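Down below is the structure, laid out as structure tokens.
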């Protein structure tokens, strides 16, 4: 099932518009190219809506957020909704500052997203108003662990229902949920947190997977998360002993480049709860 | 002849000012360093003209275009003309949105460029007003192929004459033309399109090659295009089986780093029409 | 002694806020992650002070300087001072343009920095008003060499006294000085200058090392400089013959990833003058 999702990504090669931060924009572009998609980046309010119209998905990311690009996000987001495109939010740093929290909330009010991807603290901030995001990382106290898994699954399903979108909460365990179903995903490596932008890349991939699989968005989101995590595992095995996080960064994108339906089917570790 | 061009790039090591997008700025800087040049990046209107004055070439790229940096492009571009420096335009996305098309046209009106590098759809947009650029990629219907080669060579020469500059149209085949002569270049690999920014890098290299070879700009532009394409071929041969587009990105710049006159002379595949 | 400094960086893993350029932001983030720290990037005036408050160090870098982010630098810098955090300045291009020189001077007037890192021309510009920075590189005429070493050590100590901060002057030889003492450091490779952003990375590391070692800032700064230079040496040894500056970029960060107290202790080459 997940296999079919990645096959359709490669068949259709959707064009994805990213309004994203300047720290990891290059990686987001290359990971989209790695799975056969075509990335476009434009954040100027006068340009963003028109560029979005050429694409089939829009990925909005709040890293290095500034006032000018918020206008671009709104303009492109509205055009994207009007055209029935896929719309994904990555609320980087929501819960860490008032500006980021309020911008994320405003975007959620003004636009209805197909999917929101963040760490648990960012998501708690948006749903409960009490996340305590540490810069751009989750608060350790919030971490999803095996012990409190049932409670967290319940929370994420409920939150997805309230926000009326797919919620993707990434961490040691990844949860991908809508109102009724939740994928618990155990792919990935802790070392992925030592590479800047693996979360941003996943948000870009999520937009691509949903755009290529609009009939089964939850499965598509789970396939994106499994693909990224599995790429992290494969890349880790490919690391030579002298290599560190900079080489790991490249090898993760390389692993997405080689990811096919069979590899994903065999390597994906998930359960549907 | 091309060999002499790259030798002079390494001998002179020109300083090149780039007003370029935040997706691929790092790659543009590193590819310029790879061939012995010194990159400078500055897009603030108050700063750009003064920084340009220290350089011998200016590379203007419309990726992630925004209103603030357009002022920087104009200020630096005018200073560059005043000082007789090399001036190159990469009209990323012209034909995809009104904002990009109009900005590219305005820059062409206000500044006279030594060279313009783009895909065929971008160039058709600027010359004929009817390009149908797909985001930042050429429309397949526009692609330069062996069948319509003579017609395309004629079109590009004529366009170069009208625009009074060197036109570099990159794709499966690359055309480098002025009013009278056209290099048809067959270096490169299709996989280069799976790395974000290879076009941006080539535009930076073009500025460097022209700045180091002001007496023979057409040859210098052809040498830049052959160097980039040949680097793509060498890098592809150096790829290990588990490597993908992220490693390819690095290996292309590495191949420019090692590119010398002899390698270029032997590997360049072109004809002058 | 330097060994203890890097151990504390890894133990404490300080969060470092970077207001930096879009050319090398990804590298700065990854090099901070490589030594166990957590990078945050935010340059929006409304957001920067609040993000800084979560961190223990702030690294201000003038590459791709623009008017909007200057406000962010001031807001974050003042908050950083108020909270007693570590504050580092990298005056990229001071001496190359009026805008950069004046902005660097204004920041030095408005904020008191713990450390300033630059090339010799940038530092001469700030202290003497007569540096002749070539774009973002030092003027060769200014270079620190073995011949004029005593004079330069005297100049840098005096300048550190006047500016009341630690001065880090990098080049063929690196000098790390306060009013009374100066480390002369002989780590590093000339090829590091062929990778964009190694200076920016060092400024980020400096903020991290000082934040983790607030009781011995001069030693911490020297440890950061030795670590970066030694990483350049190790990375150079790890390069394969077909690799160039793009691979070198990755291998330098990889070497920081593996840098431990023992490696640093054995490899650091410095004298205290």
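Before moving on, here are some points about what is shown:
Note that the chains take the letters A, B and C in the order they are written out, and that residue 1 is the start of every chain.
Note that a contact is a pair of C-beta atoms (placed from the backbone, for glycine too) under 8 Å apart; a residue touches a chain by one contact, two chains touch by 3 or more.
Note that the coordinates shown come from a computational prediction; the quantities given were computed from them, not determined experimentally.
It takes 120 degrees of rotation, in steps of 5, to superpose the Cα atoms of chain A onto those of chain B. Where chain A touches chain C, under half of the residue numbers in use are shared by the two copies, so each contributes mostly different positions. Averaged C-alpha coordinates give centres for chain A and chain C that are 33 Å from one another. For chain B, the set of residues that touch two or more other chains comprises 22, 26, 68, 249-250. Within the complex, the chain B residues that touch chain C are 15, 22, 25-26, 29-30, 33-34, 38-44, 46-47, 50-51, 54-55, 68, 238, 249-258. Considering their complex, residues 21-24, 26-27, 63-68, 93, 96-100, 134-137, 193-197, 242-247, 249-250 of chain C touch chain B.
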